[in-house]
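When the chains are written out, they are named A, B, C, D, E, F, G, H, I, J, K and L in that same order, and each has its own residue count from 1.
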Amino acid sequence: MPSDPGQPRAPALVVLHGPNLDRLGSREPEIYGTLRLSEVDAAIEAEARALGISVTCRQSNHEGQLIEWVHEADDHADGLVVNPAGYTHTSVALADALAALRIPAVEVHLSNLYARNSMRHTSLTGAHCAGVVMGLGLDGYLLAIRYLSRRLAAEAP
Amino acid sequence: MPSDPGQPRAPALVVLHGPNLDRLGSREPEIYGTLRLSEVDAAIEAEARALGISVTCRQSNHEGQLIEWVHEADDHADGLVVNPAGYTHTSVALADALAALRIPAVEVHLSNLYARNSMRHTSLTGAHCAGVVMGLGLDGYLLAIRYLSRRLAAEAP
Amino acid sequence: MPSDPGQPRAPALVVLHGPNLDRLGSREPEIYGTLRLSEVDAAIEAEARALGISVTCRQSNHEGQLIEWVHEADDHADGLVVNPAGYTHTSVALADALAALRIPAVEVHLSNLYARNSMRHTSLTGAHCAGVVMGLGLDGYLLAIRYLSRRLAAEAP
Amino acid sequence: MPSDPGQPRAPALVVLHGPNLDRLGSREPEIYGTLRLSEVDAAIEAEARALGISVTCRQSNHEGQLIEWVHEADDHADGLVVNPAGYTHTSVALADALAALRIPAVEVHLSNLYARNSMRHTSLTGAHCAGVVMGLGLDGYLLAIRYLSRRLAAEAP
Amino acid sequence: MPSDPGQPRAPALVVLHGPNLDRLGSREPEIYGTLRLSEVDAAIEAEARALGISVTCRQSNHEGQLIEWVHEADDHADGLVVNPAGYTHTSVALADALAALRIPAVEVHLSNLYARNSMRHTSLTGAHCAGVVMGLGLDGYLLAIRYLSRRLAAEAP
Amino acid sequence: MPSDPGQPRAPALVVLHGPNLDRLGSREPEIYGTLRLSEVDAAIEAEARALGISVTCRQSNHEGQLIEWVHEADDHADGLVVNPAGYTHTSVALADALAALRIPAVEVHLSNLYARNSMRHTSLTGAHCAGVVMGLGLDGYLLAIRYLSRRLAAEAP
Amino acid sequence: MPSDPGQPRAPALVVLHGPNLDRLGSREPEIYGTLRLSEVDAAIEAEARALGISVTCRQSNHEGQLIEWVHEADDHADGLVVNPAGYTHTSVALADALAALRIPAVEVHLSNLYARNSMRHTSLTGAHCAGVVMGLGLDGYLLAIRYLSRRLAAEAP
Amino acid sequence: MPSDPGQPRAPALVVLHGPNLDRLGSREPEIYGTLRLSEVDAAIEAEARALGISVTCRQSNHEGQLIEWVHEADDHADGLVVNPAGYTHTSVALADALAALRIPAVEVHLSNLYARNSMRHTSLTGAHCAGVVMGLGLDGYLLAIRYLSRRLAAEAP
Amino acid sequence: MPSDPGQPRAPALVVLHGPNLDRLGSREPEIYGTLRLSEVDAAIEAEARALGISVTCRQSNHEGQLIEWVHEADDHADGLVVNPAGYTHTSVALADALAALRIPAVEVHLSNLYARNSMRHTSLTGAHCAGVVMGLGLDGYLLAIRYLSRRLAAEAP
Amino acid sequence: MPSDPGQPRAPALVVLHGPNLDRLGSREPEIYGTLRLSEVDAAIEAEARALGISVTCRQSNHEGQLIEWVHEADDHADGLVVNPAGYTHTSVALADALAALRIPAVEVHLSNLYARNSMRHTSLTGAHCAGVVMGLGLDGYLLAIRYLSRRLAAEAP
Amino acid sequence: MPSDPGQPRAPALVVLHGPNLDRLGSREPEIYGTLRLSEVDAAIEAEARALGISVTCRQSNHEGQLIEWVHEADDHADGLVVNPAGYTHTSVALADALAALRIPAVEVHLSNLYARNSMRHTSLTGAHCAGVVMGLGLDGYLLAIRYLSRRLAAEAP
Amino acid sequence: MPSDPGQPRAPALVVLHGPNLDRLGSREPEIYGTLRLSEVDAAIEAEARALGISVTCRQSNHEGQLIEWVHEADDHADGLVVNPAGYTHTSVALADALAALRIPAVEVHLSNLYARNSMRHTSLTGAHCAGVVMGLGLDGYLLAIRYLSRRLAAEAP
C-alpha cells in the first residue's frame, strides 16, 4: 500500500503463515517449539501494539491463497512478514508474487534452514524479500515486525 | 561462558565482523549500506547498553583469528553474534569452531544472501548457529543482540 | 487419531487420492489401468468391509486441501493411505504434513515410479510414510488397507 | 471435446492464465508489458471473433483450479491455450493434466524463458502441449489462437 | 514358466532374498525388524498355503547366484518375489536378468528406501519388476505373494 | 537494417534454416512433418506477400555461413526468423551473432524441444532472440513472420 | 542409397574422416599411430577391393561439409563409415544427419575413447550409427568395412 | 601369456561372456539378436579355426569368476575378448583385473551402448582394453578375433 | 565374536583381501608394491605373533564370499581388517555386512585413494569401519593389526 | 614451423580471430571495445614491426577454416595467437588442432571470461596453448605478440 | 589510490604474491619455472623502472594479510598485480576485497590453469580483476605491469 | 630435510595440528575423544622416544601458519604428520605446500571422514601425502609416527 502522505495513521502490517503452521505446537516441538499458532499471533499482536502499528495475521495451506494475500497486502498494507514453510523451497509462483511487491517484506522461519537437510537450504521466496530471519523461533516474527516498524518510520515523510 | 549462578552481572556478548568489513561504508554502498564499521559498532553498543548488557565488537580479515575469538567467546562471554562475510561459504574450520560453542550464536549478514549469486546461498557457518538474520542491514545486528538478550534472560536462573 | 482404549470400535482409515485421479479410467489406461475412481473406491470399501474396518475415500486436485485432509485424518482416523500423484515429487508442504502424523500412513502409486522417467523416481512424501506400494494398480490400495488393518490390530490393546 | 461431426458449430477454445497474471500491467512492465489482463483478454476475444471461433478466458492462482479447468476444457472445448506462469517449472500435477488431454494445447509465455535465469529454462508443462510460444508478449496468445484455429479447421471433417 | 493351459496345478512362486538377509533378526532390528529369516520364510509359506499356491524361498549373498535363480524362476515358476537388498542400487546385471523375465515379479524391501540415505532412493532392479513394496516389513512379502496370487488367478485361462 | 524513415518501402525479412533442414520432408516425418523445404519456403513467401512484406529464405549446414547471414541480415533486413536446428543447443558462436543483432529475431523449431530428450531442452541461441516458437510445424514460421510484421509496423515512424 | 533389386552391382561404401585427420601420422603418434591418412585410405581401398565392394574416402575439417557428405551417402551409397573425430562429442547437427540415414553406418575411432579424458567418453554421433569400433587403430576401419560388406550381402535380395 | 619365441604354436584366445549371456537368443531379440550362446560360440570357433588360432569360450554370471578367468587368461593365453554385459558399467573390480593384463584385450557388446539409456554409455572395463566394438551383434566377436589375430601375428617374432 | 570374559585366550583377528589382491606383486608394482600376497600374509602373521594375537588371512575375488567371511568374523573373531579393493567404491552389499558388525573393523588400502582418480575417492565400505588406513603399503595392514590389538586389550575386562 | 637454424630471418607469427570478430567495434562496445578489427590488426602489425617480427592476421567464422589455418601455421609460422571467440567453449575439434601444434600458441580474449556467465569460464582451446590472456582488450593481443617474440628469441639458436 | 590531478608523480603499482610463492624456484620447476621469487621481483622492478613507474612486491601465505594489502593498495597505489595462487579457487573473502577496488587489477598465474586439473579452471578472484594472464611464466608479471602502465597513462588527465 | 649421510643423528619428525585442535578434549568428545591436545602430544612424544626419533608438535588455527610450518619441515625435518582438520576439505594452498614436500608426510584424522557428512569425504591435502590414517583417534598419530620411523630407517643409507 503506497503510503498516503496526507493521512496520518498507524502503519499496517500483514503476517502470513504458510502450510502446516496451523498445526504448530502440537507437532514436532523439537523443531518448531511448543507454542500454538494462536499464541504466536497473540505475541505478534502485542509486539505490534507496543510499537504502535496494526497487524493482521493469516494462515493458509493453499499456495494460491497465499499468493492472493500477498497481492492484497501490496494494495492495502505497508509491510509484509511471510513464513512460506514448505512453499519456501518449491513455489516459483509465490516467489513471483513477492517479486512484484512494492512494500517491504521479511521472510521468517521458526527453524534454522541451514541446520536441516540440504533441500531446505535454498529459499526461492526469500530471494524476493528484503531479508530473512531463521532459527530464532517466535522471536523471529517479533524481530521482523520491529525491523519493518523502524524502516517504515524512517521512510515516512 | 557458562553462567555462574552465584554472580549477578550483566550478560556479556561478543560481536565478530569478518573479512572486508573494516572497509564498510566506503565501498559498494548499494550492497552494504553507507555506515562505517565504527558507526555500526557504536549503534550495537548503544542497543546493548539500552538492553542492559555488555558487548565487545571485533573485526578481523584472518580466518584463524576469528576462530580464536570464537574460542575465547566460548570461555568468557554469554552469547555471540558473527558476520563471517566471505568465510560464510568456504570455511569448514570456522564452522567447526562454531559447532563446538556452548553459548548461543546468531549469524548476521548485511545483505540478503538469497538475492545474490548462487555461490552465496549456502552458509557453512550458519548451520552451527542458533539462527541467521540476513538482508536487514545494521538492524540485523541490533535484532540479533535483542534476541540473545531475551534468550539469556529467559535462561537465567 | 490416538486410539481410545475404552471404546471398542472398528478402526477407521482414510484414503486420499491426489491430482488428476478423478480422471482415472478415461485417460492413459496403458499407465493407470481402466477402472474409474468410483470403481476403485468401491473396491477399497469392499476390502475394508471384509476386514472389518471403516474407510473414507476422498480426492482433490488441491495441494492445500490434501494437506488439510492429512491434518484431519491425524485427528479423527487410525490410519492413512495416500496417493499424492504429481505432488509426490514436488510437495515439501504435503511431506511436512505427513511427517507430523501420529497415525501410520502408506503411500500408494498405481504405476511403478522406477519404470517411468527419472523425475518420478524420488518421493518426498513417501519418505514420511511407513512404506510405499507402487506398480500394483488397484491392488496396491487393497494391500495397503490390509497392511494397516493388520498393524492396527497388532497394536491394539 | 471430441468434435461431433454432425453438429456444425464454431470451434471453442479455452485460455487459462496462471498465477500472478491477474496483476498484469501494474507490475514489472519491463518483463511482462503494460497491458492489464482484461485488455489481454479483450484482444484475445477480438482475435477469436475475427477467426470465427469462440473463446473463454480464465485466470487462477490455484494449481488445483487450473488442473480442473484443464479437465473441463478436455470435456467441453476444442483447444486450449495455457500460460502456467510459475507453475510451468514446478507442477508435475498440472503437467499430468495436460498429458491426458485429447484436444490440442499450446503453451504461451509473455517473456522469453531462455533469456531469464536458468530455473526458468525448463517447462514441465510445455512438454505435454503441441508447442510453446514464448517472448512475443500479447502476440503470443493471438498466434496460439490462430494456430489452433488453423489446425482445428484442417482436422475438421 | 509359461503356464500350460492343459495342466491344472497350483501356481508356483519363488522368493529370493539377497545379501545379508541370512543375518536377519540378529542385526539392526531398528531397521530390519526382529524376525529371523527362517521365521520370515515360514510366514511366507503359511500365507502361500492359505492362498493355495506353492512357494520356494532362497537366500544368497552372491550376485551371480541370484541372477541364475532368476533365470530358473523364469523357466520353472509362475511368479517371483525378490528382495535384492544391497544389489538393488548397484546391480545392472541383476536388473538385466529381471528385465528378461516372462513371469511377473514384485520387489520387496523390509525398510522404506525413501526414508534412508539418498544412495538408497533409486532401484535399478525395481524398474524391471511389476511393482515395488517397501517399508512394510514381513508384511511386504505377504502382500507381494497375495498380489501375485490374484494376478495369476486373473490371468489363468 | 536500421529503418530509414525517409524511404517508404516494404519491410524485409530473412528466414534462415539450419543444418539438415535441406532434407526436410523426406526424413523422419513423424518428427518434422512431410513438407519439403521448398514447400515450406513457398508457404512463407505467400504469407509474407499477404502481409505486404518481402522475405528471403536461405538454408545452410555450415555454422560459419549461418553466422555470416545473421551479420548480413543485421545490415540489410528489418527482421530475422531463424531455425538453428542442431546448432540451437551447441553454438555459442551463433548465439553471439544473434546477441549483437539490432533487428528483432524470432527462433522457430518445427518440433517441441521440451517433448524431446533433455539435451534439446535448452536453447543457447533462443536466449538472444525476442522469442521462440516451437512445436507448431510450418505454422511456427508463419506465426513468426506475422509477429515481426506487426512489430515492425508498430515500431515504424 | 536404397538398393535397386534389378541392378546387380558392387555395394558402394563411403568413408568419412573428420577434423584434423588430414594431419594423421605426423602428429601425436602415441595416440593416433604413425600412418598418414593416404596410407589409411589405401589400406581401406585394398580391403574393400578384396571384399568386392567399392569405397570412396573423404576428409573434411568442416562440420557442414561432413553433414552434406552424409546426406550424399544416403542418396548414393549403400553404407557409411564415419570417424567424426572432435565432432563426436559436440555436434548435434552431425548426429541429426546420421539419425536420418536409411543406410547402415559404423562409427570408427582410432583411439579408445574410454581410455581418454571423460569429455571423450560420450558419442552424440555414435548413438545414431549401427555400432562403434574404437581403439583398434587402422584395423577399426577395415573391420567396419568388413561388417558392412557382410551385412549388405546378408540383406541383399 | 607372454609368447615363448622358441615354441611355434597357434595363438590362443579366450572369449569371456558375462552375466545373462547364457540366456541369449531366447530373450529380448530386438536388442540382442536371435542366436543362442552356443551358436555364437560355434561361429567364434569357426572364425578362429579359419584364422589358424585356437579359442576357448566361457560364460559366467559371477563377477568373481570372470575376474579369475581374466587372471588365467593372462597366464595361459595370448589375447582376450570380453563382453562384461551388466558388469561393464559397475565393476571396478573387473576393470582392475583387465588393467593388470599383459595380453591385449578387446571388449565386445552386442548392442550399441550409446543408443541405450545414459547409464550404459560409460564403460569402466573398456577403459582398460585395447579397444571396444559395440552394436555389431555376433559380428563384433568375429571382428575382435580377427583384430587380435592380426595383432598377434604382427607382434610375433 | 563377543568376548567371553571367563575364557582367557589370545584375541583372534581376521584379515580379508578383496578382488585381484591374489595377483599382488606381479602386477603394477608402481601402485601396489612388489610383495606377493603370501609375503604380505607372512608379515601380518609375524606382526600378530609379536603382539600375542592370532590372525587368519583370506582372499577372495567374490563379493558374496567376502560378505560371508564378514559374517563369520562377526561370530568367531574379535576384530577385522579388510581391504575390499575394487568393491570399496561399488558394493553396498559388502558395506551392509560391515555395518552390522559387532566387532571393530579397520579398512586398509595399499595405495592412497585420494591420489588416484576421483572414482576412487569415496569408500562405501570404510564408512562402516572404525577407521581407514590408506597409502602406507604393507605397513597399513601391520598398523591396523596393532590398532586392533591395543583396542581389544583396552576393552578387555 | 620448425626453425631452420641456417636461415636467419624474422620470426613469423599468425594471429587468428574467430567468429563474430569481423563485427568488432560496431557491436556491444561495453564488452568488446570500440575498435574495428582492421584497427586491431593495424595495431598488432605495428607492434610486430616494432619488435622486428612479421605477422599475418586472419579472421573466420568457420570452425573448419580456423582448424586449417592452425595446421598451416604449424607448417609455416613460428608462433600463433588465437582468439577462438565462441568456439573457445565448444570446439573439441579446434582444441585438437591446437594440441598437435609444434609451435607455441597464446590464446587471447578481449573480455574477462571469469567476469561473464559460467558457460564462458572454461576454455577447451586454452588448455592446449602455452597460456591465456583475457580481459585486457586490444592490449591482450599486443602482449601475446611480445611474449612470443621474447620466447622465440630466447629459444633461437 | 584515486589519482590526484594536481600532483605529477610516477604511477605506483603493487604486486602481491600468494601462498607458497616464497618457495618458488626450489620446487616443481616443471610447473612453476626455475627462478626464485627474489629474481622474479628483481625482473618486475627492472621492467617497472624501464616503464617509469614504481612498484612494490610483497608475498604472504596468509589470506587475511593478502586481503589487507589489497585494501592498502586501494588507498595508496594506482594499480595492482595479484597472483593469489591456491586462494584463486577458494577465497570468496579475497575476491570480495578485489571487487571493492577502485584501482585496476590484473591477475597473473605462472602456469596455465586450463591445462591443470579441473579444480583449477575457475578463478573466484580473477572475476573481479580487469583481466587475467596465465601460463606465460615470469613474462606474465611483466606483461601485466606493461598493461597497467599503458592504461594508467591513457587514463591520466 | 634431505638426509645428510655423513651425520648420524636421530630422525626428526614434525606433527602439525590444524584449526580447533587446541580445543580438543573439552568439546564434542563423541567425535574427537576426551584427551586434551597436551595429552595427545605427550603420547606422541613418548612413542617417538620409544622409537628413537625426535618429534616437534605444533598447533595453529591459521592456514598461512600451517603452510609456513610445512615449508620449515621440508627444510629441517625428515618426516611430517599433519592433521589439517577443517582445512582438509577446503585448502588448495595447504595442499600445494604438501605437494612440494621432499620428505614423506602422513595425514591423520581423529574421526572417520567417510562416516561423517559428504562434504568431509574428500581430502585435498591427503592427495599430496604418502597416505592417510583416519578414525583411529590418538592411535592414528602413533601409527603414523611408527610408519615414518620404519620408512626413514628403510631409506637410510
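In the analysis below, contacts are C-beta pairs under 8 Å (C-beta built on N, C-alpha and C of every residue); 3 or more make two chains touch, one makes a residue touch a chain.
Only a predicted model underlies this, so the values are computations on that prediction, with no experimental measurement involved.
Novice: What's the minimum number of touch steps needed to get from chain E to chain I?
Specialist: The fewest steps needed to get from chain E to chain I is 1.
Novice: Identify, among K-L, J-K or A-B, the interface equivalent of E-I, where equivalent means over half of the contact pairs coincide by residue number.
Specialist: Copy of the E-I interface among the listed pairs: K-L.
Novice: Chain H to chain I: how many Å between their CA centres?
Specialist: So the centroids are 33 Å from each other.
Novice: Between chain D and chain J, what is the separation of their C-alpha centroids in Å?
Specialist: One centre to the other, that is 50 Å.
Novice: Taking the mean of the CA coordinates per chain, how far is chain B from chain J in Å?
Specialist: The separation of the two C-alpha centroids amounts to 50 Å.
Novice: Counting only Cα atoms for the centres, state how far chain A is from chain H in Å.
Specialist: Chain A and chain H have C-alpha centres separated by 65 Å.
Novice: Provide the list of chain I residues touching at least two other chains, using ranges where the numbers run on.
Specialist: If we look for residues of chain I contacting two or more partner chains, we find 62-65, 90.
Novice: Show me, using the given definition of touch, all chain pairs that touch one another.
Specialist: A-B, A-C, A-D, B-K, B-L, C-D, C-E, D-F, E-H, E-I, F-G, F-J, G-H, G-J, H-I, I-L, J-K, K-L
Novice: In their complex, what parts of chain D are in touch with chain A?
Specialist: 18-20, 22-23, 27-28, 60-65, 85-90, 119-120
Novice: What part of chain B is in contact with chain A in the complex they form?
Specialist: For this pair, the touching residues of chain B are 106, 112-115, 121-123, 126-136, 139-140, 143, 146-147, 150-151.
Novice: List the residues on chain B that touch chain L in their complex, please.
Specialist: Interface residues on chain B, with respect to chain L: 62-65, 67-68, 71, 90-97, 99-100.
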